[in-house]
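Note that chain A is present in both complexes that follow, paired respectively with chain B and with chain C.
Here is the complex of A and B:
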């Protein structure tokens, strides 16, 4: 039995092990590198002892919330690719902003980034309108083109100006090093704007996202709303770049929102979950990156959110892969059980219910299965309390030492008769009402009998006027027969 | 008194150019209050375009639309719109109730939250379409007929006097189709005015009091028994007006196309 479960579970466990591997490896590395002080470090982090820890933790949380909230809209409006393109398209603007201001001046970077993002998006819509290019190719073109341009500019700047431009590369992959309280101001501003926008324009954004033409018909300026959302998205991306980096910021837009989408179908809840998940991955990723100084913050945060996504995908109680797999398995077990019980009834029926028990071999004959298989099926029935087994010694034939005699318990009998009734009623219904040929109805009834439900059965009995015989002339047990717990021989032969 | 009231819908010399075809040419139409009008015509005849132009979703090149004597923008709370079912993303995270509440937005106004009264009213509209048990279902989990009922419940929630519906019978089951017809007739009996785009000629005669036959031009408009004639249908469906549509696309090529959505 356990072997069977193990066989079934093996595949799932293997997959899980694969997914958890990076985490375990990461933990192993942490313990080997920093054996003495990692507890110390963890303690320092979670008590937020230092000012610098407070700053980076707050930064990571803010980014998580910002990107999570924006992501809710981006994902539900199918703009994931758009967010990705936008995040790459801002890179040249950052380099140019740097060049002009000659410092990491937030305002200059912001203006440059927004402008370059605007140009990128403009190019996409121009390409879409004036060429036959599809949107995804246009986005790919802009994404890679702008990214390449940005990298060229940044590399050139760094090479030409010596040490003055240090820190620019953190815009590529993100970094928590040297984050100051001033860097948090744009993040806070962005959060305030997002929340203000979502609270005030909640219903307008919902409508214009779901049904733009209806939104226009009630007089909403859909394009203006779309533009506002776009600007907000650009602001969110630009303010997050320093910590998370250009390459991966779109992951933070997409993954927490996609995870929230697994959990709920309501927009308000989706935004809430997405924001919480974003904050959670932000702080955990930040912690891991703090623990192992060689790990870059951005990728670790993204890995954390991907890990969270997989966890939800597998273990979410409603639609998770594991719970639904267990449900399917249980249903399969129930159906197998019901089929065995039905066969028991049929064996009893063959002997016109003359005795209450039957031999295991006759059941094996009926099910066309080997003795060992039947043995297992009967074991299941006994475990569930549907049947009992007596071993009767046959004295005459000494070479066959024993014969297993099976009898059904009242609950087993109830299920068996109910299945037989469902099966035969459905066969009768198909032949009478849906004009199926009698030799075509069996396979359909084999499936329907397990799922038909008492309410439909009552309906069928009413439509067919409480029938007693199925299309093959066999008895259809009534509710009375089921309740009585046994069919007496005279009843079976009665017309 | 009644004669002085402005007509629910007045279309004057309306010409619409899309990015490409279809195009509408000089449509003139006046619809009386309390009429149930079917708009029929072949594919690409501009049926949906006409509705969208009336709703102000597409800007016409020429001509104007008056709703109760005012521009569409001013009369916006008096017009209800049911877009084509295929025009929205059914995977969007909203429930049936959320969709119906959207019908209350034009009454609620900017920045305001949906009130409790709106919620109760929206529930009544769902109930009227027999969809209340599904109120909290995600719309993507509903069948095609149920989705269309939700759309109609939203139109009811708009409490309009003039309704424009784009193919409400598209891809729905027989029961829903009957429910929709009953709804249309009961709205008409309440004195509302309805314009319904319809593609099924076999039922058009039975469903509508008046018909507008459309194929780039308004071929005919009048009482069903006067308009639903072999001759007029032949003229509507007997091939496109090839010269007209070719000239139309040439015109469009010389004009800046209307700005596309980002």
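Here is the complex of A and C:
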């Protein structure tokens, strides 16, 4: 139990260390280039010393959680590019909201942005339904068209109203400067709404997302639920815009959820993980952006989460690319080893186990391989401790100066007999129980012998009533033979 | 407030203004023509969002090439952008096939990360650079006339930016004409193309390279995101007017002239950025095409309407 916990903890710590090191190094390098007192700054940030830092950090964490939670649904429903389109489509709404309220009034901006996001999504669905346009062109059209409109309106406002409009620029890339506690209220509201919605409607959302027709048939209001989710998504995007910016908010929806999808397949856990990952990347990105003043917060947060994604993709101990590559390699090595050992057994069997050792050339003949290849295979066996090699000098008149004699060690012998046993039992099983022809069973057994465990072999023995001969008339070593070890007498005599 | 005559005439009232604006209009025509030509194939292949992804993904390449060479000349920047664009495409493909991610998530993940990398690189070096983030987002076509004079063998030949874009536009037109048959067949029927012995994958990569070239050449004028508008709007609008691909390709020229002139005047009238007003002109032209176009417009095509009337609800896949 403790071992298991420690194992998991160790993996987590390793991941964390892997993730932190480059971040810290990178931050250190950037800051030393700028000749700033970065330790001091880092200390100030991580102790949350002053009010503005508290606000910024809280904002980043809230955004990370919001987007991570929503992203879980967005990614699992394959709506990632919809999220991107929606985030671009809210831009004109922000400008219109500003125009109407004549100030950076949060509520007006929010209403305008949500409204224009909905108009954008509605246009996509109209184009898709009533014209021959495909989804991707409709999305591209709405994305770029609304974005152009938003850029135009924002420029117009900036030129017409002078300096009071400086804030709207920050909606493009996001900034942490001037974030006040009031800006956090929509984020908190959004989080509350998301959590409330997910807790109350968990089953319904899950069902309508993964199997809409079944959900409809049991009487769930699927369209209403989708509408609900759209409102939440729009609200989440709009409330994050100020920190992350229009262009990159979709990344924050997609990347933490995609990372969580690599770690688990259960929806509830996926949501939990992606929320945590979002918060983590949010605060780290914020920290880096705080450390280096010129770095905009949005892109840094996105880079952090991309980095985390890559780390998980490669080093995740269960399904990561590197661990599974190592596992595959190891398994391949083991199978090659076992095949050589099996051939060794067969060579010994040909000579009716008359001697304990055999020449390397006989093995090469048996495996139908060149001497050099066999040499390498034997080297592997010796390295693993399965065999030993003696060089025997032949008589002077022989043309060959020497001959390599191989003998198996007890552990090598055990594996060899075990493989032979698996192989022959499986052949017998196929001929007897599955009515295969005896000359068709070899290839199948060649594959399965490495995989079936001791339990399955016992089961096979039970079904086949402890057989001694395989379909080709050869002896099947029993568990007793294996236990007794190196060339046990009955095996020799019976043959 | 609105004076039609004034807003139309004002831009062409003096000699200097005529020269200045003509350059902008030419630039706009060439940008939207080359984008539109590539866009026709991109749209029929249903790669519109991939086009968007690549146009974002080239940013780090542009920035790195710029930081290395210190200039925004098309050559090195194009090489950098092509490497980044193809890298972005390869990344998407790899994530899609080798990991449990779906295509949309792979796409969204890759291009946003590339774009973020570009922005971060840009803002770290922003002190020495005149490439500012806003320019990447909506371009500075209005500053085309300020580009340095191109001097060939001691003879001044006019605006360098125009020449660059002109070359790219020419290359796009030539490759569209030369490879027309290949592009056509591979776009609509991959298996037929394979059985005819066409190198389908290389044509795909060639199209991506062309896309990268066009995006690089035009991003300074119209920005990364509006390139998408310039790519999608012409083929989509004219697909409501014409049925055949050659007609759609040919209609890119009049459309791009309309976009360019309309964008310029809209920008003069409302004080908008020219590139964004070009996109808005495009949308304004798209609307009547979509509503009343003879080939599948909403009001002219009642057949498809009645077929699909049964489905209703909110637009989710």
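By our rule, the second predicted complex is superposed on the first by the 343 of 495 C-alpha atoms of A that agree within 3 Å, B and C clash if a C-alpha of one lies under 4 Å from a C-alpha of the other, contacts with A are read in each partner's own complex, and residues count from 1 in each chain.
Criterion: a contact is a pair of C-beta atoms (placed from the backbone, for glycine too) under 8 Å apart; a residue touches a chain by one contact, two chains touch by 3 or more.
Just so we're clear, the structure is a prediction, and the values are computed from it rather than from any experiment.
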{"item": "Partner chain in contact with A:302 - chain B first, chain C second, else both or neither", "value": "second"}
{"item": "Which superposed partner A:264 touches (first chain B, second chain C, both, neither)", "value": "first"}
{"item": "Touching partner for A:49 - first (chain B), second (chain C), both, neither", "value": "neither"}
{"item": "Chain B versus chain C as contact partner of A:214, first or second or both or neither", "value": "first"}
{"item": "Residues of chain A touched, compared between chain B and chain C (which is higher)", "value": "C"}
{"item": "Chain B versus chain C as contact partner of A:200, first or second or both or neither", "value": "first"}
{"item": "Touched partner set for A:223, first chain B, second chain C, both or neither", "value": "both"}
{"item": "Which of chain B and chain C A:127 touches, first, second, both or neither", "value": "second"}
{"item": "Which of chain B and chain C A:144 touches, first, second, both or neither", "value": "second"}
{"item": "First, second, both or neither for A:39, with chain B first and chain C second", "value": "neither"}
{"item": "Chain B and chain C footprints on chain A, overlapping residues", "value": "77-78, 121, 125, 128-129, 222-223, 226-227, 230, 261"}
{"item": "List of chain C residues in touch with chain A within their complex", "value": "43, 46-49, 51-52, 98-102, 104-105, 107-109, 112-113, 115-117, 119-120, 123-124, 126, 133-134, 137-138, 225-226, 228-229, 231-233, 236, 239-240, 270-273, 275-280, 282-283, 286, 290, 296-298, 304-305, 308, 311, 313-317"}
{"item": "Complex contacts: residues of chain A adjacent to chain B", "value": "76-78, 121, 125, 128-129, 200-204, 206-207, 209-214, 216-220, 222-223, 226-227, 230, 261, 264-267, 270"}
{"item": "Chain A contact footprint on chain B (complex, rising order)", "value": "52, 55-57, 73, 76, 79, 81, 83, 87-89, 92-95, 98-99, 101-102, 105-106, 108, 110-111, 113-114, 138, 154, 158, 257, 259-262"}
{"item": "In the complex, chain A residues that touch chain C", "value": "30, 75, 77-84, 88, 121-122, 124-125, 127-137, 139-141, 143-145, 147-149, 151-152, 155-156, 159-160, 169, 172-173, 222-223, 226-227, 230, 247-248, 250-251, 253-255, 257-258, 261-262, 292, 294-296, 298-300, 302-303, 306, 309, 313, 321"}
